[in-house]
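Common to both upcoming complexes is chain A, partnered first by chain B, then by chain C.
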Partner chain A sequence: MTELKALSPAAGLLPLEIGGAALREDEMRQLTLVAPFKGKEAALAKALEAAHGLRWPEAGETSVSGAVRLVWFGRGAALLMGGEASSKLAPYAALTDQSDAWSCLVLEGAGARDVLARLTPLDMRDVAFPMGATARTEVFHMACSITRLAAESWQIMGFRSMAKTLVHDLQVAMEGVAARAS
Partner chain B sequence: MRIACPLCGERDSREFSYKGHALALERPSEDAGFGAWDDYLHNRENPAGWTRELWFHDFGCGSWLVAERNTVTHEFGKVELAENVKEAMA
Partner chain C sequence: MRLQGKGLINRSRKVRFSFDGRSYEGFEGDTLASALLANGVKLMARSFKYHRPRGVLTAGSEEPNALVTVGKGGSQDPNMRATVQEIYEGLEAVSQNRWPSLDFDVMGVNDLGAPFLGAGFYYKTFMWPKAFWEKLYEPVIRRAAGLGAISGDPISDKYERGFAHCDVLVIGSGPSGLMAALTAAEAGADVILAEEDSALGGRLLSESGEIDGTPARDWAEAIVGRLDAMDNVRIMTRTSVTGAYDGGTYGALERVAHHRPLAKGLPKECFWKIAAKRAVLAAGALERPVAFQNNDRPGVMMASAVRAYVNRWNVAPGQAVALFGNNDSIHDVAADLLAAGVHVAALIDSRADARCALDVPFYAGAQACGTEGRKALEAVSIARPSGIEKVQADCLGMSGGWNPTLHLTCHMNGRPEWNEAIAAFVPKVGMVPGLIAAGACNGVFSTAACLGEGVGAAQAACEALGLKAKVPQMPRAEDRPYNIAPLWAVAGKGRAWLDFQNDVTVKDVKQAAVENFRSVEHMKRYTTQGMATDQGKNSNVQALAVLADATGRGIPETGTTTYRPPFTPVAIAAMAAGAADKGFAPERFTTSHRLTVAANAPMIEAGLWYRPSYFPAKGETTWRQSCDREVGYVRNAVGVCDVSTLGKIDIKGKDAGAFLDFVYTNMFSTLKVGRVRYGLMLREDGHVMDDGTTARLAEDHFVMTTTTAAAGEVMKHMEFVSQGLRPDLDVRFASVTEHWAQFAVAGPKARELLNGLLDAPIEGESWPFMACGNVKVAGVSGRLFRISFSGEHAYEVAVPARYGESLFGELRKRAEKLGGGAYGMEALNVLRIEKGFITHGEIHGRVTAFDIGMQGMMSKKKDFIGKAAAMRPGLLDEDREMMVGLKPVGVVKQLTAGAHLYNEGAEPVRKNNQGYLTSVAFSPTMETFLGLGFLRGGRARHGEIVQMVDHVRGISTTCEVCHPVFLDPEGERSRD
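Entry: the complex of A and B
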């Protein structure tokens, strides 16, 4: 059988470092969308706790257990990142492997927040978007997911098919912020 | 304009798209007759003041919302998940 070589969504485009901000591609992780069936939310939360030690995240929250994260991903859905979903969840939720569907970027550094402010209408202040906060929002006309990983580090997820556009838009904003600062 | 999504909190209106009057949730029965279907599909009030509309948080959580909006001031009032509104109608 032909051996196919796996390429990450932003292969050849990153990393970038411009001014006070750095953009890199996150490691490729297994991604599973977990969408509870109607009326099974409580049972799913129990199964998640038992199988993964994860709490079901409320809107805008991230739940973490070791290397595995469960990120709120919209109405009635969360994205399990960095581990295989237990089959024990299957009776209570639709589980969809989306590992190849998203490009996961990390924007970090002292200038990162100013870069994001050029691209998203989201309130990025500490009080509104603390560590662990997550949101589905717009990044320069694209529907994305933004999660705050650390004080100066944000994960930005966009559709894989738009990875090049996402990197381009972030690069232009990084250049703009750097030009302003100089 | 900012819209308070029940799930996401207050967000810029560019994250939302507009569908039309919330009347769209009140689908008549199949045998309701020509008049009822004509009203449902085509006829709308055009109030200067408060109205109830369907908005879609497409760049956010993906929820359909029922929002009160003042057509004169563009002020938003109560915003609810359409799912809950529909369930309360049943």
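Entry: the complex of A and C
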């Protein structure tokens, strides 16, 4: 019997620790893009609350309930992370499996914010990007999603096919920041 | 010569460096210029055009003369300003634009030819013959004139770019900048304080005054200490703000490693984009020279530079220093020189009513009118009403007054205004939205007034941000008036320099006016005034004053040229940081990439994707052998190919079918669940945009495929249609290109191969041609489509990308057991050409559905994007270039893409052009070259003979026009 082996997007590339910043690949989670149908936003919000204990996130926000996160993911869409989407959402939203589409990395440490400042034009100060803040933005040349997980921890999601470039660009930035500190 | 005193050098840390191969010693804190002066080196450079000996003119980033080259090979930096370059252990600097040496420069002969080499000389002299300019004159002139050179080696240094954000950006850290930063920071604003120098304090570091009863430099240090201790203040030294851009964005160049040996990973420079809600410009002012005969000798420098070298670096720039100026500042310099024990040979004040309280030879109402000495200043001539007098001096400090450093305020095309009282241009309020100029750059020169302006600017910035700034206790400082009597050029014969870097003299500017280049912009271009790397910081205002005089107009009427970014030079490498080599663009890899590379397949780039060209087998020496073999796999057994790069879009919602009907030319709402249909998409202008298959997985769920090249464009198009044209339709879509790894399994044994992997085997009846559905592949949920891009019995199987590598390996292994294997892009291309299937080679943006023979796919029953435009008469003419197949029938058998078609016997020239070839391949199946192309009225010309002519490659082939589908026109093999 043939068994297909699963590989994560950044398999073999991580973890990295350079200076005050560490980069690792997050565990592979269930990712579902939730896009409410026309006029079904309120009904979806209610169903989300009931099924997952999550509120619909406004632009730039994340909603969390236990291990499950709902991250704003662009116009009229949010990404449900860490759990299977309840079938009760289906009447109100297009649900699209994205579990293998994104390489999910975590950049953390005292130097992490300086590393991000080399790659994204986003304002990463606490006032502008507090815990739970999220944005679709660019990381160097790539369209990515960045979410702040903790005081010194950021989730960076890029296209699976570009995982190697994403790791490369982050590594170069990490080396530059580390070299300045020494 | 080094003086006693407490400058900003660390005398306990000696630093060895070299200049032009000779070793010298300086102290930590020295710039190359201060260290060379301390070692008695005055000759540092040769001028651009006349190769005149030059010494240092300034002590800052505006330096026009003392340019050197640092580093070698891929790390070589030309035109580094010795006044900015800090010394470090092992620094190697060399002079530029001289041969064989700085001391003896053969091209110094240019200086003797000066009477002929004035403004406009080249334009007038080297006009004929026209072709000679580019080939002969310019290269020769370029070699004779110039600055430093790059090595020509690929760059080996790392550069970086960064983004920073703040509430208030303070540019400059002199008295105004420090007070602005402190006031804003104490009000709670996030402050970035950017200073281009290595130390904070601005002119306070070079001057000798007091603030609040303590030496000004100590006061500055105390303020910096307070700023440093605050969390909301970020201090960026060695960072020049180079440009003001829209929306409160500023460009800034940080010199990260120019002052230290390079270490691994360390960038040389970082180019910052700073987004600031408000900005305070506290950039100070630049002292301007006075033009007089031979004012460019080594040893002649700005009076403020003399002061800086004495006070900050404890260096006497000469043993006998003369000073010449038109304002009070030269008196302060003289006092500092005396205090430091340096002999002041003369104090020459052009103001007749000037008084001097110092014990120095004082010349009121006099002017320096000439200098002597070749490679170093020896004497200064002084013009007095009574006659000319000579004074021995090896250094002359000059001051023609101060120009506010207002450059950034003009970066959005605002023009400054002339202030008669200080004989200088000053910024107007609001020239750059959100930026407030304060202190000397705003035309306010006393220390007390600068401190006050800094506070005022910060208060205004804070108020705009909704913050309340406290009124601080104002420090006590000097508050003397600025007394100046304008003096631009001293009358007299000989050359009086304005632009030291581009060798422009007063005579040149006057000549421009004589020749009617009266506009300041024309004068600039005719003389090259202000067009060197210093952008005329030291000379533009004086030059336009001279032009104003020569044309009989006032200075405000004459106006300034345009100030443009960057304020100081920025290496292209810094702006392109990280974008060289692999950083140029992201690389997209399929899940089969690792196995493909391991199989030694050469990769080709398709957009950002990497795809295999072919998979070489043992013993094969050319790509054609591999390609022919792989085509055979598909035609005779089974081939496997990664097609994950094609765009995949999941489309859901109750109006999904209606939406597809609107974007495709043909009907999709009628497609049965479990079936796939080929679709054609037009642009609004009626031309073909893309093609692909769309499968219906459920009543309200379709999955569309696009070509690899147009995936992004189609997604964007659909967003536009959904948001802009048909917001009435309830449809949602998501790109799933990255989620699914998809493989073509093609050939007579395709089903046999798949059935070995599918949990529930398929058969012809359950999966006929164009069927689709969900399947389990070795226990994994996937999708299966019976579609074919080769004309064979074929499928595409998709699994979540995590299983892609594993599935590809499994498919390839099983295909090999069945007499097949993996195939690459070359074989894929041959297969589709044999079948007459199009790619973007054919649908290249200028063809219509009619041109490719798909006019029948344009539904008459509904509206769709591009329908109306596609029906325009010109797009339906029977003599349009239409897609045809081409086969060689003469002696020459080769076809080439890009070649043009001509009627038999017609001369192969442009006006006889009948069409062109878009795709060609050698078909191992039919053992001939096959081509697809476009031929005028082609559909009615099957069977005709035409001539293919490739003018570029010199190939001429006789072809027969035929139907574009060469193989299995009935499609029996794919339905098998």
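The rule we apply is simple: the second predicted complex is superposed on the first by the 181 of 182 C-alpha atoms of A that agree within 3 Å, B and C clash if a C-alpha of one lies under 4 Å from a C-alpha of the other, contacts with A are read in each partner's own complex, and residues count from 1 in each chain.
Here is the rule we go by: a residue touches a chain if its C-beta (ideal position, glycine included) is under 8 Å from a C-beta of that chain, and two chains touch if they have at least 3 such contacts.
Since the model is a prediction, treat every value here as computed from it, not as a measurement.
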Who wins on chain A residues touched, chain B or chain C?
C
Looking at the overlay, does A:A59 come into contact with chain B only (first), chain C only (second), both, or neither?
first
Contacts for A:P121 in the overlay, against chain B (first) and chain C (second): which applies, first, second, both or neither?
both
Have a look at where A:A101 lands relative to chain B and chain C in the superposition and call it first, second, both or neither.
second
Can A:T137 be said to touch chain B (first), chain C (second), both, or neither?
first
With both complexes overlaid on chain A, does A:A179 touch chain B (first), chain C (second), both or neither?
second
Can you give me the overlap between the chain B contact set and the chain C contact set on chain A?
121-122
Contacts from chain C onto chain A in the complex sit at residues 158, 160-165, 190, 256, 263-267, 270, 273, 275, 578-579, 582-583, 585-591, 608-609, 650, 652-654, 730, 732-741, 756-757, 777-780, 799-807, 810
Give the list of chain B residues in touch with chain A in this complex.
7-9, 11-12, 14-15, 58-63, 81
Chain B-touching residues of chain A, taken from the complex the two chains share
59-60, 74-75, 121-122, 135-138, 143
Residues of chain A touching chain C in their complex?
1-9, 28, 33, 35, 37-39, 76-77, 93-94, 96-102, 117-118, 120-125, 127-128, 140-142, 159-166, 168-169, 172-173, 175-176, 178-180, 182
